[in-house]
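Letters are used for the chains, namely A, B, C and D, taken in the order the chains are written, and counting of residues starts over at 1 for each.
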């Protein structure tokens, strides 16, 4: 699903031999739909180059963080595009790293983490079974079915999981959860937590005071309408704590 | 410079044969510093797998958009981390696409565009020669020396450039520049423009009215100090216009 | 209705003579309810001192600008408390001055203008008859029935009105309305306009560019709830232009 | 200093008898400068009507809350105009009421409280002697020399003061100070506290949780410049707690 190069192949008849002057003698170009893929008739020893071309209705998934909200199935409970972009920026994924996404809702943060590198891994923890199922569906739909989804309540549900390089706490949280998360995190790992309620904000102020890192407030206004005229509609301000475990 | 998998190789003596039981007869593992790389003594027909391991002072460049401001050399004139993350989200790079970064300053937007895929291309246009030179230095330092930097004033300097898939206008801009940019953009391409001054804001409101797309306001507060105590310091609000050319 | 001194009178029986040692021989104190006021039995040549004492359910109207929203009957269309306080601050009423409140909605700005001094005058212009009637009701209820309410569309409805010392344009407005208002304003008078839509904002940016004065953006978040927990709910940002006619 | 009616008197020679047709026989009009006021030559039994006319350089003090910052002498430490307007709105002064202004800095809140009614009283507490002196100078200059200024640290300095109808805590504060203030406040009195630091914000969130009332965040951007062009400059966001003692 990651988008193609945009360079369109000329439309050959299937398996036309020597399509280009500098082709090898036994080189072939074959065009087919992904659903009709079949290679029973090729030499067992072969080298394949695959170029994916998007169909007219393909959902194109860009390579930057902060995918359009509409790419995810959600119930309104989703970290919005710009906040998600800033969150991934703070989570700072490197190749092969592992994320815990605690209270994952639609799974958008985990999914974007996984999309950054094929070797990345993520565990999404979600108390509500319907949301957990939705996160798994989103992961499958967006090409990262390797997302591990755990239905359960953190911090209990974190027991026995492989220690992560980064942890995201999406909403709520508690002093106990932050404590457990910080302990579980690898040295050099990043903890990022977003808050919109007052109690969560207070918690993050305290966490920053104890463990360092930084706090940021993000206030986003989006184009909407008032009485048929264009006007900015403010979203709730998000307070973000981001810290690297020393 | 993109970060490694974190899986440390055991420290073999150089070129120890058959380090693992399932190695081929002629397989070797060699460890060396990048600066001392030399392969005069290997079979001309060979297959190499390279695993890069970061040194202790390596600058690690994460895989998400919105790199730390400190990774870029700049004179204060830089699109800040969270705004950069939201900007890359709106620019939505796909593999092999080309960006124009008009008024590139430190080059951070172009550089992040290029880092998203090895096949991406970018042209950065900057009127001030010192800033143009700095953008080129940043690109080299961050592993994307293929950034094309043009010292000159847009829209004049845009003449003759290959048509882009996306255009970013960092600050200021004019009705004429937006007009020229929109015309140059490929169908399906994205135009993203950020404004902090009133005249630029007005321009973007007008552009959205004429050409559609959306407007967003991003207000960021960062942790700072007042009288020795922690306090949020607000940055100037950024208004962003983002539109897809139909 | 303006609140009393809080110093409670001792409860005398009506017309007790010489209630205090230093009273004059013919001095009386009488306590009665405002609705039962009657003075047929006093000397035609008299001096009255009236002390108003609030009943238990009295709506107390404080002396500062920015009265509670709940003191006004409204349909949601009301300049909110903090914005109203900042607007009155910019309108800067002096004793005996006259305001035009164009697009008055609930009439709250006019009413607060009148409450600042008994010699102040105000004309409220409102296109919707139901709102005009409501503004008049609010004025009567809050003790300033002298508010002149005109049902009509500005600038047409402004013809023939006495020139004002201050003008407030609540929402919307047009280049023509600003032009007419500026012309009608006395030298040294203040024009204050608030905007929430993009087109109005653009208009105010242009007005400030042409005629000077200042622009302010006011973003207010109020305590609300998210999922049963305390959270700040943002109101739409208001852009305010305020200028003194030279 | 409160501004006049603007109705200019015709310039009579001093003490011209019967200036108007309907004057009494012994009525006089006299024009003089305030500094040269002298009435040794009038009947000991007299009735005076004084009309103040502002000189050309008079500082006019409007009747609404939120006076221009420039009317106060200050060292940068002043509650800004719009925030002051919203603060007075929350303090909601009634005639004859008393305010404690804790950490008064320039004294602006106390002074505006006193200006709302001649019977109002205010005590300003300030730890720094230079600021206390400045608050007293501002009070004298703006026509309310009855402001009581106490140099000292709250809550210690509050001992023995007459209980107030309203308390303002301008910055900082502590759990202890809020506790003492709440206890000192009369039933039905208002406590308003503004915070810009994180620790103060946390304190106010806790205070609201315990004692009710409301919290508001006020973010103000003012017109400034960037590179010679008009741009909004954000001030630090103020969090305000406002509660009525039940």
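In this text, a residue touches a chain if its C-beta (ideal position, glycine included) is under 8 Å from a C-beta of that chain, and two chains touch if they have at least 3 such contacts.
Not measured: the values here are computed from a predicted model.
Asker: Where the contacts of subunit C and subunit D overlap, which chains show up?
Answerer: Touches both subunit C and subunit D: A, B.
Asker: Over half of interface residue numbers shared between subunit B and subunit D means same, under half means different, so which is it?
Answerer: same
Asker: Would you kindly tell me how far, in whole Å, the mean C-alpha position of subunit C lies from that of subunit B?
Answerer: 54
Asker: Cα centroid separation between subunit A and subunit B, in whole Å?
Answerer: The mean C-alpha positions of subunit A and subunit B differ by 19 Å.
Asker: Which residues of subunit D are in contact with two or more other chains?
Answerer: In subunit D, residues 198-199, 205, 209, 215, 217, 219, 221, 223, 230, 232, 237 touch at least two other chains, as defined above.
Asker: Hey, how would you classify the chain contact layout here, line, ring, star, complete or other?
Answerer: complete
Asker: What residues of subunit A sit close enough to touch subunit C in their complex?
Answerer: Against subunit C, subunit A makes touches at 196-199, 219, 221, 226-227, 229-237.
Asker: Would you tell me which residues of subunit D are touching subunit A in their complex?
Answerer: 198-199, 201-202, 205-206, 209, 215, 217, 219, 237
Asker: So in the complex, which bits of subunit D are touching subunit C?
Answerer: Against subunit C, the touching part of subunit D is residues 2-7, 60, 62-67, 81-82, 84-86, 88-97, 112, 116-117, 119, 165, 205, 208-209, 214-223, 230, 232.
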